[in-house]
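Heads up, there are several structures right after this.
Both complexes shown next keep chain A, but they swap its partner, so chain B is in the first and chain C is in the second.
This part shows the complex of A and B:
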């Protein structure tokens, strides 16, 4: 809680420094003279060549009308067909009001220039009418959009192949398709002074815990920034402990994942313009789960879950254990094994820590270089790194064979962890563990493990324990932890997210005696 | 409004917190101490230690029941007035600090002897300070979760220890009570220190959520502790000959030395490293309550600053003076004596006055 104090501290002054909203035209009411309004608009939007102001006379309305919109953001077809055409051409029904003439879903009235500016910048068109102290806002958004594609980061074997895109309305649609229920509520919050970002807080009102929701809203409302460009930025502003390497909220680009979390009583935040959705409260085990788990056979899924936790341990500790065993506690290794290790290390001139650091850093560099390269070159990096360097480095006697095996095994293990943020945290912790192992051997590793456990159990996500169901122990939640028990066994929602309605399903399976 | 509601503990956490505090260095040294004073009948002494501990724990629990929302520092202030109460709280804090320091220095010493013979003690302490700070800064809730988790994480240890039983010689135990009850009774003094930790009910009781189960909880905690000690002692007695066992300072560690696998030799090193988990639960609780008392005295809500000061103090002391084995023994003795005072004598002395206080307060209300 105390960690967020710094956000609060700068609250008083930030607003004045960041925006120019104190200027007078913002609070000005709309005039009843059209030329005054146009002059006012031109004063607000200087150097805005894509602003269109079209003045015309309509048969239906008395007085001149001015249509104002941003050419780059508005949908021209919609303006032509639904706004201009009915106003210019239609002759019968002259007594109809403007509202009835415009064939657009959302039309509303505003009274001051602040709203006018916001709406125009969002892509709506605004109609000013001679003699009226109000303006009509017509929703005519139309900006470049991407088609819905398979998610990139979270590929799935059996799950849906629709991933989120950059428009929040589309993303909400994708989620609503999974939960068409009136209890699925959305709270809209605008964040950002310059580029206001629309955040849609989505939750199941009769399942999600209201305290957690309140906590999340309070934190979002504390944010005062220029704009939120990406979900990751939002996450950093609202997470509980900014000094932790672990992700404390889940980001997902899969609508089915979000729907599954919503049904567990979690809360999702959809950030407009960002293709990933933030989910909280998160717990440590939820980063090791995947939608595919629930559609594979539960025994197999359980095995894969165990594999992931094993991979977590291996990816965090294996190089450290290697260093500890080779440089400190070689008496633990049986004689035959230590002889063969000694043989392979015979020509290596470096201490184990240097050897391990060299190889691990090489690997991390290969990984980073591969990410942002186009696919064909990316493969070359893999070949150069994996085969050429790996082979040559051993033959040159810089690194031992066993070290290469350890590094490769570690790398593969870290790829098994399904969540990218969690895998990155592991990559980082690995180096700390290596240093501890080099200084204190096995004792260092165990103390490191102790600190890691201590850190994990003292973390919280939106005020809910991060270590649950392991610490505090909640055995009822263990059905979906290391073991992915059969779906019909998971009768209740996980208690870790503190849902207010716990029942998830009825008895879907006859007991032996009832068959 | 209740003062300690934020850090509420479940019954299981209450049990395992106290149990975790009780299990400390005792597991490593107890078999030798018992063997020295009562031979292979020593395991019987444990029941006396357990019985006395349970009795006193119940006295403490019943005493705390009279003022369910107050820790011992609040009670002492109520009883002795503001200033004397503060002095008493500081004494409590010193006692907890001594307990924590004895265990942490002992662990550093054992690590020094057994694994890292070249590393100076203060460096090892610096290493320990990292997890200690990380966990204690979260407060009692986090410590309780940690104790709970450690209990589950270390469940494999007694099972693996039982592997030594295949070379056991049960004849060591016979005849039972070979020298009469006198040595058994005299050795039971040595079982007092290993059971220390239940006195923390002074502090933990107000945090417990379901107070009606407090007595049950503390009996279960003591019994769990008894089982662990019995397990270790009986295995040690069965494995080592009655004379051999006296030669080892930490017989339990030597026991592990014998176990060997085709892929692992010297399991004792790994065991010792993991044993740090068990030791940590003792250190953490005592250290937390040491700083808890000082924060109460100084009316400061943030215990983290006090914790940093305490850790720095220990670090500097260890830097300038590395305690020898004899110093450690002396420190442990001081802790035993203080422990007898605080855990066994104090509740008996306090029970009467606190009961009277309750009567007086109750009378006023009516």
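This part shows the complex of A and C:
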């Protein structure tokens, strides 16, 4: 009973507990006296040494002015050249208003301290003027930024070599370059109590389904957190089935991938401060597609697609099948193979499951350790791992030759799957399958397969079936499923995303082949 | 939370399930690859078995044992007392039946376990051994792989060239129970330095050994049963010029590239009549005498047809005399003359021994090899 009580402890609503710490809700008007305002600011920003409050008089404006900004986040050049210089030095143009003097693109007025605080924390500078119950926000963002580089996770042969960076404005720019169209709309939503994160929901208004968009927006608006640090966090808050090992939304760091999905009628969420973009609704096959598919010849691309699906099956089931075959159903192994397996297993002191687990876990450890190590050390890990896996283990008689082949084949297969999240899911499922195989043999694998298929077709992504176009069957979408049919064949946008505009292109075939 | 609890609970239940009772790891199994059955002078059943040994320390690559038992399943107990690991029957490749065993009309009942136990391999090739089975299992050739593998391969390749039939246990079961056909299995003999394929053993309806069909005639039997299967290469004498001084016989060899068989079944004069029309597309591979092919190929075709018909007639006579029907003519009788068949259903071999079979080969030479 005690345990159940502990499990059910979560009774008080999140809202109550959140409100206790959200002291930051200032809905206080701006005062007309400048000293009052400065005092208020200093109350808000205690222990903030990088806050700059510069008071000065200007010829153009009556009364004292206070310029407030965060030194660390604002662009000093912009403040000096575009805000301070025109106000301090310019003797002409006394008839111009303050708005006209500031040579900055975006300037607007706010009336309360909550907005002031938010804007300062975003890197804008705020001008308070003596005697006015308002403040001017000048956009002077300037934080450390990374240059645009080749995407790391999703390398491509023929695609663009630009990847997203940590600034959402840049990322939006990268996408807009692909779709310079007025129907490309962006809805901004702020999430997070402490470090409000700007999410830009991007979609093609005349293609994307409004119901799906509404669903996505509703889910985002329900999030109550400190802050969203990364796209992966956002994904976990809004996905349909949190208990599934499968990724239900695509994360991409390639603008061309995002553009391609947007054109299919999907919706992208750009998370400020995160270099990857969330795309939904996703379907199972979309994790096996890659930008390169569309720029290689379709026959070749089809072959590679099939290879990926085969790799999925191999990576999920091969070790399990090995275990099942040599502990239950060796009748089905051809005679010559069973003799060579028998010879290589003869020295191995462990049961097949333990042998397989040992090798698979070693492989996973090697892979995981290689990811986060600096490149030079990473190579060492590879060499050590290669020797350990490849030779020493077999020579010491701990693992059989065939098992090493199985593990190597599985590893290669799991690396063929283009999406990292999907590949990780496969790695995880593999272990479940291995356990099932060790307990029930082929029957176990079949039960696992059935459960897997059942799970896949019951999954949804933003309320749209995950198994599409296989379950529900949508034959017209099969043009871009296992077969990547020629581009001029794919006249309609995929129905799986429920686009409101179905036609994608005209008949482009005639021009080339008219005889 | 509730979902998590449910997952933990179902995992616990699954782990506790008792579905893993028949698990035997490969290293705990002694895979019997070849099993032999024989009877000794006192009519006691002897069961032999050979299985591969995987240990590096062992000098021999396989182990062979024989035990005296009253049934096959009982013999497993005997083997388990001797062999290293648990005897399993899932990978049996060859099932050898001794000459003496095949004299007993009720021996087939011994095989009950083969078909009843789902774990038993029904893919074993059935073999009649001309001689005592113990000789075979004591044979340890130095220049061959494990005996069981060697014999398996021997049968498979000999069958590819149609020197013998390949009857797997399941097929044998059908042949035994089918009233319209009598079983045929591979016949081997243990020679001094090798195991030799003798041809095809004809068995009577209840499985008693009835005679041997030589490899030469097995070709004809196979063509009748399966039309074109594997490689069919026939050599027949042609009496063109009788030159006594020549050491080269007047023979011709050819590949059969296509067989087109038609059987016409009638019932006349109180007997079944089978007219077998056999279209053979042949390609000559060897000709031991000079011949003008361009002019006289029709004549050669006729001669080949006559020779084949003679061979077929002899073969049928032999089978009829032995009261067997390895061709399965009974199937045609049942299909086309059901009323008559119904009367003699229980003793088809006897009816067949009285039946008349007319073979009519129609040879057509399609190829002449790469020389003129």
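Quick notes on this structure:
Keep this in mind: the second predicted complex is superposed on the first by the 484 of 515 C-alpha atoms of A that agree within 3 Å, B and C clash if a C-alpha of one lies under 4 Å from a C-alpha of the other, contacts with A are read in each partner's own complex, and residues count from 1 in each chain.
We take it that contacts are C-beta pairs under 8 Å (C-beta built on N, C-alpha and C of every residue); 3 or more make two chains touch, one makes a residue touch a chain.
This one's a predicted model, so the numbers in the text were calculated from it and none came from an experiment.
Of the two partner chains placed by superposition, A:65 touches none, neither chain B nor chain C.
Once chain A of one complex is fitted onto chain A of the other, the partner contacts of A:220 are absent, as it touches neither chain B nor chain C.
Touch criterion met: A:351 reaches chain C, while chain B stays clear of it. Once chain A of one complex is fitted onto chain A of the other, the partner contacts of A:458 are limited to chain B, with no touch recorded for chain C.
Look at A:440: by the touch rule set out above, it reaches both chain B and chain C. With both structures placed on the common chain, the touch criterion links A:450 to chain B but leaves chain C unconnected. In the superposition on chain A, contact is made by A:326 with chain C only, not with chain B.
Of the two partner chains, chain C is the only one that A:342 touches; chain B does not reach it.
Contacts of chain A with chain B, set against its contacts with chain C after fitting on chain A, overlap at residues 328, 331, 335, 439-441, 443.
Looking at the complex, you find that chain B touches chain A at residues 10, 12-13, 111, 115-116, 119, 124, 127-128, 130-131, 134-135, 137-138, 142, 145-146, 148-149, 152-153, 262-267, 269-270, 273-274, 276-277, 280.
Contacts from chain A toward chain C in the complex involve residues 7-8, 10, 243, 326-328, 330-331, 335-336, 338-339, 341-343, 345-348, 351-352, 439-441, 443.
On the chain A side of its complex with chain B, the touching residues are 328-329, 331-335, 337, 436, 439-447, 450-451, 453-455, 457-458, 465, 467, 470-473. Per the touch definition, chain C reaches chain A in the complex via residues 1, 3-5, 7, 14-15, 17, 19-20, 22-27, 29, 31, 33, 52, 54-56, 90-91, 93, 119, 121, 149, 152.
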